[in-house]
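I'd like to ask you about the structure that follows.
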Amino acid sequence: MTDSPSRAANARTRATGLRLLDAHNLTAAYYTPEGNRVVAVDDVSISINEGEVLGIAGESGCGKSTLGAILSLTAREPLVVEGGTLEVDGKQQRLGPRAKVQRTWRGSVVSLLPQGAMNSISPTMRVRDLVFDVMRAHDRGVKRSEALDRARDRFEELGLPARALDAYPHQLSGGMKQRVVTVISTLLNPRLLIADEPTSALDVSSQKALIDMLLQMLDNKIMSGVVFITHDLPVLRTVSNRIAVMYAGKIAEIGDAEQIASEPRHPYSAALLGSVLVPEPGFRNKRVKGIPGSPPNLLNPPSGCRFHPRCGLAMDVCTKEEPPEVGDVLRFSSCFWTQQNPGTPVPLDRVIPSEEATMVETDRELADQLAGAEEGAR
Amino acid sequence: MDFAKYLGRKAIWYVIALFVALLLNFLLPRLIPGNPVDTIVSQMARGGGASGEQMKAIYAHYMQQFGLDKPMWEQFLVYLGHLAHGNLGTSFSQYPTSVNSLVAQALPWSIAIQLPAILIGWVVGNLIGAVAAYRGGWFDKGAFVGSLFASSMPYYCLAIVLLFVVGVHFGFLPIGGGYSLGLTPNLSPSFFGDAITYWWLPFWSLVIIFVGGQAVGMRSMAIYELGSDYVNYGRGLGLGDGRIVRYIFRNAMLPQITGLALSIGGMIGGALVTELVFSYPGIGTLLFSAISTNDYPLFSSITLLITLAVLAANFCVEIAYGIIDPRIRAAHSGER
Amino acid sequence: MRSIHLTPRFWVAASLVIFTLLVGLLGPLIIHVDPHATIGGLYDKPSGRSIGMWLGTDNAGQSVISNLVNGVRTSLFIGLVAGAISTVIGLVFGLVAGFQGGILDDILMGVTNIGLAIPSIVVVILLADALNGSTSFTLAMVIGITGWPWTARAVRAQATSIRNREHIDVARLSGARWVSILLWDVLPYLLSYVVMAFVLQMSGAILAEAAISMLGLGASGSVSLGIMLYWSLAWGSVRTGAWWAFLPPTLMLTLIAFSLLLLQSSLDEVFNPRLRRGRSRRRLAAVAAGTQAAVPTAAIVEPVLEGDRS
Amino acid sequence: MSDPKVIFRGTGVTRRFGRGKNLVEAVKNVDFTLTEGQITTVVGESGSGKSTLARMVLRLLPVSEGTLEFNGTDVTTITGSARADYWKDVQAVFQDPFSAFNQFFTVRRLLSRSFRLLGERAAAEARMEEALNHVGLFGADVLDRFPHQLSGGQRQRVMIARALMMQPKLLIADEATSMLDASLRVNILNVLTDLRDTLGMTILFITHDIGQANYIADQVLVMEHGEMVEQGPADKVIFDPQHEYTRRLLSDVPRLNQSA
């Protein structure tokens, strides 16, 4: 019925094994007005192959949007990129406080598809004005009519109405605006598109339309790879070839989308996936467990493995040492338990201790008390 | 159409505001205890400038003009009737000169110092504000504190300081009046050459303040726009700084243009005291003399004039905003 | 509550404001000379002869320094009274209109818009003239009751946005009464805003008093910075170079206006560290940019654009 | 659940906003019932009118047309003290766990506001602690904290506790979990199902996420553009949808297991 799984399958065959991007040792921090340094992305390295969609998953505050800002070269105050390198097609771009970023990298090598297209186009300009400005920024000599013709072709190719070009942003619906912005982001056929929560504000039908369009763009070789950032795991599973799960500024696990979804190798991924609810019979009348506690304050992150305070599998070593990356650069899990138990599925029951069960007990007791109090009150 | 409806609703409000303004202008001077004409005539008599016969004629003239022997509501109608004919009445202190001609003499002078100051101040102020917001750093700090200081300085205080330092202490420019003694205002180049030396000081005293105010306003609006999503997106698409700055300006400009229109409307009453400081022969000085001689036909005509100009400017801005696509306006003014 | 991060600018502004307060409060106690007493001739030069002569004499042979410190006191008094009156009226109107909405909102905002469209300087001049021979207090009242409309509209805009916050519904569901919600759930969110509006109103009122006095409609028999300037202009002190008669009140007025505006702009940063680039800053900044003009023609401050919500 | 009893009934419920050309019918002639001791979920996309419906049931928003009945009593137009009494029985938790808090109040202050409706103070204090325990919190930990000192999940729990203090018969959760991360969301949903299972509470749960509806609902109502297009037992609506819209909604939902 739906064609997105087949598209995703196409995408999988499309992935070639040629390296598109290598990002090394990315570190970025926010500086609070009080002068505190909050490291939001801490020494993260990722790689993407040609034709691939890499999904970045994680809860709010895990650093996934910060990672998107670094990769799209759009970090700005109070976020400061403190170090790292991007390597695309053998061209290197150093990052850091003193590094100079070539303007034309933005938009043509890496391009940003921002969160909430609502305000991404200046309210007093038409879509076509931005389209022309974007083209001219990378090709001084381009003529207005020529630029607009190219944009019109692109709109038609992707099944968008060409008259959207003449609209002011407020005249477009939310889903249409997000798609229009997607086309603008990819006008210059960038090598890599960084999509930061593009679907989060959309209804499921618009979500699906956008995802289909992104995959079609990959098929049409408009761009060579996508980094897709969202907290929505089912969306990621639909769109990605590989998924990286971030926790507290670090990558907890990275692997094939299918493998992550079916047999996660990191306790955090397992717990996160365990809390996903989808409309399938298995989820009715089954008690799903959330992760107890909340993500750490990055101003003062826990020592060792950052997940250890919430992890039922945590051992002594987890509290002291940084976990190793078990696997290779494209597929690994940063976990001592995985290292010690290769090939064993993560036991979800042990990751999340029985706190939930005791809570239900307490509830029962209290219910009785409450009932008693109620009677007394009457 | 929607626009007609919008216009109609606005017009009703402005008619009410106009009515209230007229009522205030009519009523408040009459709150002074005693019959104003008695007061005036007795004052003129004390001055000894007029004979008994003349006195009586003047008295009769004013009683008739104001309809003071009639009930209040009829007096108000008489007042409105005169206004409808564009007749502002006869001055007390410079009887029998009409108020119309006194105002007509003074008005060009006020406009001559105000309009250029507003226009130039607006352009320069917005430029400074925008550049400060965009450049940041020391330029921003200096421009901001300087502009804040300039905009907070009472305009008449700056006038006094300039008059003293430039006019009196260094003697660079003449220190009072609108033109040299002995000349009569005319359109000859020689008169302009003379008048412009008198014009510089009041002009500067206003333009500096105006630059400051505009710069502060523009800077904060531009800073606000700098934080918006489209700036970040534009950068992410590799747009040049100049291009993005143009987007910012376009959006930050709209309220500034409104401000310009309103400043022009408020022009007549905008720098009353400046004229006083420089004895400049404009509306402010006229108002001052009207107050000091209790010339209340002149006095209330000036206040009415100021009100009308401001009301008209407000109304024009509203119409302009109605013409601009309301949805653009909605998008611009944000969530509401 | 939340940690408040005071900026250096705030401390500069606060010191300047405290300095003017000290001049107004302690000055008259230290400079123990009757401002109305004749202690010398026409424009005697400053001298160290006596405390009253530190800044010489004015056109009536009165001590300038004594007039100055007493004038600052009057100006502060007028600023506080007029600022309080217009802030309170504006707050009540804006709060009720914004929170209640409906017909009450339409009526209150109609009145406010009329008040905004009529330049307040005109009303002040007319009222001051009608109340011939006013005192500082009546002058403060006059300035106060003409200055409230823009506060009312600004407060209304804020109150309207707060009305849509979920915590208001939560309070209603908890059984809180209308007044309680207004006082505890709406007002605290506006408080920082109101404080800033008050500072602007105060500075506006002080400058308005001076302008009115210079036009010859000042409080007769009282001592104020505006009246000092009125006499020094009338007696040509600027032209004759008697700088001690006009420079001190000029500089004092500038200092007061500047320090209050600086205080407002720094309070904005203190109250809204995260809104640094946010909306409220934009609104108040627009007002702040207009304060100067707000006195002569309050209508410049903001047009009646948002007048009626469609 | 031997004898399911209808606790709430809406008949022909309609809500219009604006007038003239700008007239919008947010909710159009909707009929529904809530069964005691069950979780009823309203599913719909943005603009479907589901939150408007919730606010009408809460009597925070007047009904343009139609009637609302609670326990057999007509509550369509009650105001003043009658409405305050109604709020002892019908309470709500809202979407935004931050803006639902008055940031100037501690949790204690927030909760103690309900005391006026609860009567005697000592009993009310006890009830406050009970309510907090119900959602897995302890008074000593949270009562003297300001909202910004709590995590998102804790804030939403406090909000549920506030509603529970009234010991309501009907609890309305309007998108109460949509701004929480997935791992915290499940915990809140579990609190709600526990309330149903242990206290027999009736819950009206509003969501755009059919996955959450599937997890907790006994009954499902589907809304589209202000109209109620389908309603019935959760199993039936979700696994055997009759209406075209419901089918589309379900087919567009991304799944974790592509094969399923």
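Read from first to last, the chains carry the letters A, B, C and D; within each, the first residue is number 1.
As a convention for this text, a residue touches a chain if its C-beta (ideal position, glycine included) is under 8 Å from a C-beta of that chain, and two chains touch if they have at least 3 such contacts.
Note that the coordinates shown come from a computational prediction; the quantities given were computed from them, not determined experimentally.
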{"item": "Farthest chain (mean CA position) relative to subunit A", "value": "B"}
{"item": "Pair of chains joined by more contacts [C-beta pairs], A-B or C-D", "value": "A-B"}
{"item": "Chain at the geometric heart of the assembly (C-alpha centres)", "value": "C"}
{"item": "Cα-centroid distance, subunit A relative to subunit C, in whole angstrom", "value": "51"}
{"item": "CA centroid of subunit C to CA centroid of subunit D, Å", "value": "48"}
{"item": "Distance from subunit D to subunit B - Cα centre to Cα centre, in angstrom", "value": "57"}
{"item": "In subunit C, residues with contacts to at least two other chains", "value": "none"}
{"item": "Of all residues in subunit A, the ones touching two or more other chains", "value": "none"}
{"item": "Two or more partner chains touched - positions in subunit B", "value": "none"}
{"item": "Subunit B residues touching subunit A - in the complex, by the definition given at the top", "value": "228-230, 232-240, 243, 247, 250-251, 254, 325, 327-328, 330-332"}
{"item": "Contacting residues of subunit D [partner subunit C, same complex]", "value": "55, 58, 60, 84, 87, 91-92, 94-96, 99-105, 110, 113-114, 116-117, 146, 148, 159, 162-163"}
{"item": "In the complex with subunit D, residue positions of subunit C that touch it", "value": "1-2, 165-167, 169-176, 184-185, 188-189"}
{"item": "Partner subunit C, residues of subunit B touching it in the complex", "value": "6, 9-10, 13-14, 16-17, 20-21, 24-25, 28-29, 31-32, 148-149, 151-157, 160-161, 163-164, 168-169, 175-176, 209, 212-214, 216-217, 220-221, 223-224, 226-227, 255, 258-259, 261-263, 265-266, 269-273, 276-277, 284, 287-288, 291-292, 296, 299-300, 303, 306-307, 310-311, 313-314, 317-318, 321, 333-336"}
{"item": "Contact footprint of subunit A on subunit D as seen in their complex", "value": "45-46, 123, 126-127, 130, 133-134, 136, 151-154, 167, 181-187, 189-190, 194, 198-199, 208-215, 234-235, 238-239, 248-258, 260"}
